[in-house]
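Across the two complexes that follow, chain A remains constant while its partner is chain B and subsequently chain C.
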Partner chain A sequence: MTIAIARQLARTAAVVVLAAGTAQAQGYRVYASNEYDANVTVIDPDTQTATGTIKISGRPGDVRPRGMAVSPDGKTVYISVSDFLPKTETPEDAIVAIDVDRNEVAHTYRAGGNPERVAISPDGKQIWAALEATAQGVGFDAATGAELAKFPTGVESEGVVVSPDGRFVYVTAETSHTVTVIDAQKLKVVAHLLVGNRPRDVVFARDGTRAYVSAEIGGTISVVDASKHKVVKTINLGLDSRPVGMDLSPDGKLLYVAGGGTSAVYVIDTTTDKVAHVIKEKMGRRPWAVAVSPDGSRAYTANGLSDSVSVIDTSCMCVTGQIAAGRGTHSVRVGLVDAN
Partner chain B sequence: MAALLLAPTVADAQSSGYAGAPFREHPIEVAQMAALERIEVTARALAVAAVSDEADEDGAADGSGEEHEGAGGPLVDFGLLRANLAAASPELEKQLAAAIDALVEAAEDRKDAAEAAEEVIRLTPAARGKLMTDAVADTPSFQAALMASLLLDEGGIAEGYEEATQGKASAYATNYFALQRVKSLWEGLAGRASPQQAAEVAATIAILDGLFPSQETPERLSPDPEQAEAPAQQLVGLLEGVADAELYLGRDLAAAATVVCDVAAKGCASLEAGKEALGVEELRIAAGYYDQTVRDTLGMMAPETAAAIAEALEEVDEGGADEAAEACSPLLEGLAEGRAALTP
Partner chain C sequence: MRQGPLLSRRRLLAAGSATAALPLTPRVRAQEAAPLRIGAVLPIAGSTIPTSRVNLRAVAEAARMGLTLGEEDANRNGELMGATMALTIANAPGPEAAARAAQRLVARDKVSVLVGGFTREEAEALSGVASRTGALFLNIGATSDALRHACNANTFHIEASAAMYVDAVFGWFIRAGYRRWYLVHDDSPEGQDQHERCLVSLKERHWAAKVAGRGVLRQDDSRDFAPVLAEVAAAEPDVVLLLTDWRTQLNFLARYEVSGLTAPVTGFPEPATQMRDFYLASREMAQVAGSGYRAALWEATLDAYGAREVNARFNARWGRPMDPPAWAGYVAVKIAFEASLFAGGKDSAGIAAYLASEQALFDVSKGIGMTFRRWDHQLRQSLYLVKINPDATPSLELDAILARAALVGELPAIYMPGTEPVERLDQLGEIDPSRACN
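Entry: the complex of A and B
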């Protein structure tokens, strides 16, 4: 069960939570990337405190970590690292792999093109990144670091996710308002989909039949039939909602959506595609990402303007805690690791 | 060509979710009034630059040799409204044209541009009055559209900060004054805001004030070139609620494509009617909306159509009235295909 959950959670984008111990005792950690401090905050969810940081670069303000993903076994956290020059490619553009046992950088994949978000295939063999500066999606062999292929996407690519069966990669493009579908096995572009205005994040349903795409300016979530790669429904959150990062509950029945502009989290019932809860009270400022704990009891948001992580108790759908992180908290990831 | 001219369509503000949709309802007027706003803030920035340079000459010259980048800006912006202004008031058009020419010349020659800038600033209110009636221009919806343009248009506050971090001092100065203009326009809308909206707008403006603290470029700008973008976007989102107006034309790509088609069709009709200057002006406005809203998406979804449109718009931009008239047929055909590609 532990490994199965880990593989499912490897698809989600921002908070990495690593579990120690057995499936019965599922301790986990929460990781939050801090864009302006060039580090990652490590959070103990039991004490709800930051226990330390992982340094990504000694040049905060020049180098920024943003999107994150966790390997299926939870032993590696992958972080998109770039500079602050979105339109150019520099040596800082990379995917950094952190060995979470040692809390050290284990490998650096030269990415180029200002990678903004990263995703890992369910088998852990492929790393995919959205390259903001060059309007591309790029795939790497996780073991060797070799570049598998690079594909043109829409302008200002951002969100990236691999389907649960490992077959397809979806990459969003902020300025083109599109999603590019890449066949990860045949290594070719399959389609470009028109979604809502200014798409940010994309996640697959647990069973892989659908994908959800957040559109910040559109205030919508596009629902994609993943077998046909077609938008079949649009969930309207309101023009002022500004949806950005997303994550699913472990059972896939709830979609948590961070509303960056409204400092709220929208919880969508995926069986009805309707908003079931709006969590706003005590929320940190500008929640940009959200991640759900392995048991679904908590959700965590990365709050860029309050430099914090908010803790949501899903039994009351309310914020029960705030944890100080670093400057410009960008992404948060929750993952599960089999400590054995 | 008449057969290819697209029948104007009715703007549908209701479908936007807001009561007003100024970019759909008055696309030409918004573009022209926004251009006039940019002319005025550029004049204010150039006036300051002239004074600073004089002070430098009295003391130790900084030797930067920096050119007054953006001095061509007012000419480009004037090209979006000149023919309309001339039709409404030939005398005012001549005066403003002369004032802008003098301003640009003074800036390019690094001479004192203050007097020329004052003349431009003096004339712009009258030009506003000639380009459209107060009944529309003074509505909250229209005022919010001008604020959105100053914040998010190419060369606006969001993009201007990015350019400033890359060394373009004129982008900083111009957008400092653009921000002051946004604040001034906000005063006219603030009464409509709820206490929470007002507080959020104030907080967002405070962030932008922190990025543009004075008319002189700070010694150190943010390492993040895009730092002005998020608050600028947030402010426009707040303005939508306060003004009850759709301020993102590109939110609905099909509607945006319709606006582009309609404005282009109007321009082509003007050319066909022998109103050459007016027609080219309207086509330039259509090109601006095309670039802002649908170009990138069409480039993905219908690349051949996008290429054909790009080629036609290049003719409009680089040629004269004759070239623009010749480009009308492929342009309108391409835009119609593009709209179809973007319509669900």
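Entry: the complex of A and C
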């Protein structure tokens, strides 16, 4: 696969320069997948500008990069790549690994089945993907690319996450309203549990005791007891919220939820399970994903209808900037770079 | 049956803090053996019924395909939770045959859910069987507002009501500047009801528009359109609305075209007129007048909100686009199965109670959760505006069939941050929150 980083000098962007004195514990870059441009926008958080793109395919509109995940060391960003033909197997169905230091594609894992989202085990040895077209969750050996196992989920599987202890994989399925629980070590299905209506994304709490599942049509977040794999609470965000992507603050105390229906980010206090903030003003249109910076000072949203990334300052819980990305900005993730 | 207050944003947000687990977790026990039994009564007429307005074979076939895909998806999903369903299809054209078939399905095949209703009379017959036997009836093809007014406790409507379609058609056209309307209806009770509903809609919701004239046709297969065409010519309307059956619409369009009249024509979207084969026929009968804008319950080229995936599954399964009657059949099975799962049982009373409850929220690939109105058991939903392609071809290639029409509008719009979704969906149809079906 050819590699290119194109300078986006012609792109206009609302830029917010980092306030002087802001210290980053570790450098990072922000990556945004652009579903209809078949590329990934690379963003420098210091200048809050897009510094280039990484081409995933030369066939935008046919090839479709969507969900992303980051390796435990932050040095590799994985992207699930599929196409717009749910019932047709194409060569593009793959997991693409981007080396953050070099901003280059480092590896491609053939996936099949229109992978929509991807997750990495805490030890970096397993890659898991939700195959939307074939209603399956699939695991790969990250070193060899060999398929470990494939499991049936509900129809239209989407979200996938690995527990912090590496033991379990949760895969959501949109039409069955379920989460399939896979034992990642024994490679077998443990349970299926019903969550909210049309579940999309799933994340584990930092300590692994809970998981959170967003339900787009239900407008809810299901709180799962991860030791029992059971829903113990449901947080209502409202029928119109249409929550999709989520991310936790580094300390795990805040859950950021992208609400595509209301173009808002809901910030949930995980100690009380109450909505602490709703960030709407100046938000891009239809935020579908959110990623929190390593120091928790910022959150970034991927906005599919404004083709942009919104920057949230978490000290004021307000949007302080917009960065132009590509067409159909779908997901956003943070990759770590050496601070110097 | 418990009747709760309307869903409201305030109520939902009031519960926006942590809540105890809502009854989203089903009470289905694993390894449950008996399936949910659903019986569909479809007018898959034999070749003995001539091509006429009463021959709804194409519509029924589409519904059959949708129902079958619905069963397959439901069983695939249900397998995860130890729940299954079984679909039985009865071929029964006409209300008397439909009633007999439905009674057999309940008595012999032990179905708890009936699906069907492609005319007002058929739907009334099936609703009657549901009332007498306790089965649940899901109406997937009858638009009559009279059915909604009847408000039977065990009857729920997935097909949009005539009032919803009329409001949608007026909404699109009047906003586009078409204000003088010529209404053509037949002399059937349904035709007259639709005409009356048009007058109500114009009076109460679309004050910028008015009726330029009215024409009445006999509900038969005659083609005596000359008097009405002359009146249309004299009235010089902005648009003509045909409140007739599918066959009369086609015949009228042909005569309209050759008469030289140029005002756009649209027709009441009964299910047969929403099929892509109808779109082709309309264009072939009248290349200009027959290539206009039509309202639809579903559109096979929708690619948002999960519609791409369900349309693709249908295309792959059947080699045909998912016409709206197919979508309605698919959704009927989906709704019945999910209701059974969340209600915790397969008995029709429990499922009906769930459908009427506040918790009953369904994803039908239209971008927002849909609920049933408590005052008429009508599924709230958005409708679509499509434009028939004047260059449509008779090719049977899938892409060519899809190209016979294109999506141009949605009403109400789904993406409208800051508006209350239930109120938004209630822009269409009859609104009477003081009533409740018993």
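In this section, the second predicted complex is superposed on the first by the 310 of 340 C-alpha atoms of A that agree within 3 Å, B and C clash if a C-alpha of one lies under 4 Å from a C-alpha of the other, contacts with A are read in each partner's own complex, and residues count from 1 in each chain.
As a convention for this text, a residue touches a chain if its C-beta (ideal position, glycine included) is under 8 Å from a C-beta of that chain, and two chains touch if they have at least 3 such contacts.
In this text the structure is predicted, and so the values were computed from the model without any measurement.
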Side-by-side fit of chain B and chain C on chain A, or clash: clash
Contacts of A:71 with chain B and chain C, given as first, second, both or neither: neither
Greater residue coverage of chain A in the superposed arrangement, chain B or chain C: C
First, second, both or neither for A:172, with chain B first and chain C second: neither
Which superposed partner A:274 touches (first chain B, second chain C, both, neither): second
Touched partner set for A:154, first chain B, second chain C, both or neither: both
First, second, both or neither for A:36, with chain B first and chain C second: first
Touching partner for A:314 - first (chain B), second (chain C), both, neither: neither
Touching partner for A:301 - first (chain B), second (chain C), both, neither: neither
First, second, both or neither for A:61, with chain B first and chain C second: first
Chain A residues contacted in one complex by chain B, in the other by chain C: 84-86, 154-155, 173, 175-178, 180, 192, 194, 197, 217-218, 239-240, 242, 261, 286
Sites on chain B touched by chain A in the complex: 17-18, 223-226, 230, 233-234, 237, 240-241, 248, 250-253, 296-297, 299-301, 342, 344
Contacting residues of chain C [partner chain A, same complex]: 7, 9, 12-13, 15-22, 24-26, 73, 76-77, 79-81, 303, 306, 308-309, 312-313, 315-316, 334, 338, 341, 361-363, 368-369, 415, 417-422
Chain A to chain C touching residues, read off their complex: 84-87, 132-133, 135, 152-156, 173-178, 180, 192-198, 217-220, 222-223, 230-240, 242, 261-264, 272-275, 280, 286, 305
Residues of chain A touching chain B in the complex: 35-36, 61-62, 64, 84-86, 154-155, 173, 175-178, 180, 192, 194, 197, 217-218, 239-240, 242, 261, 286
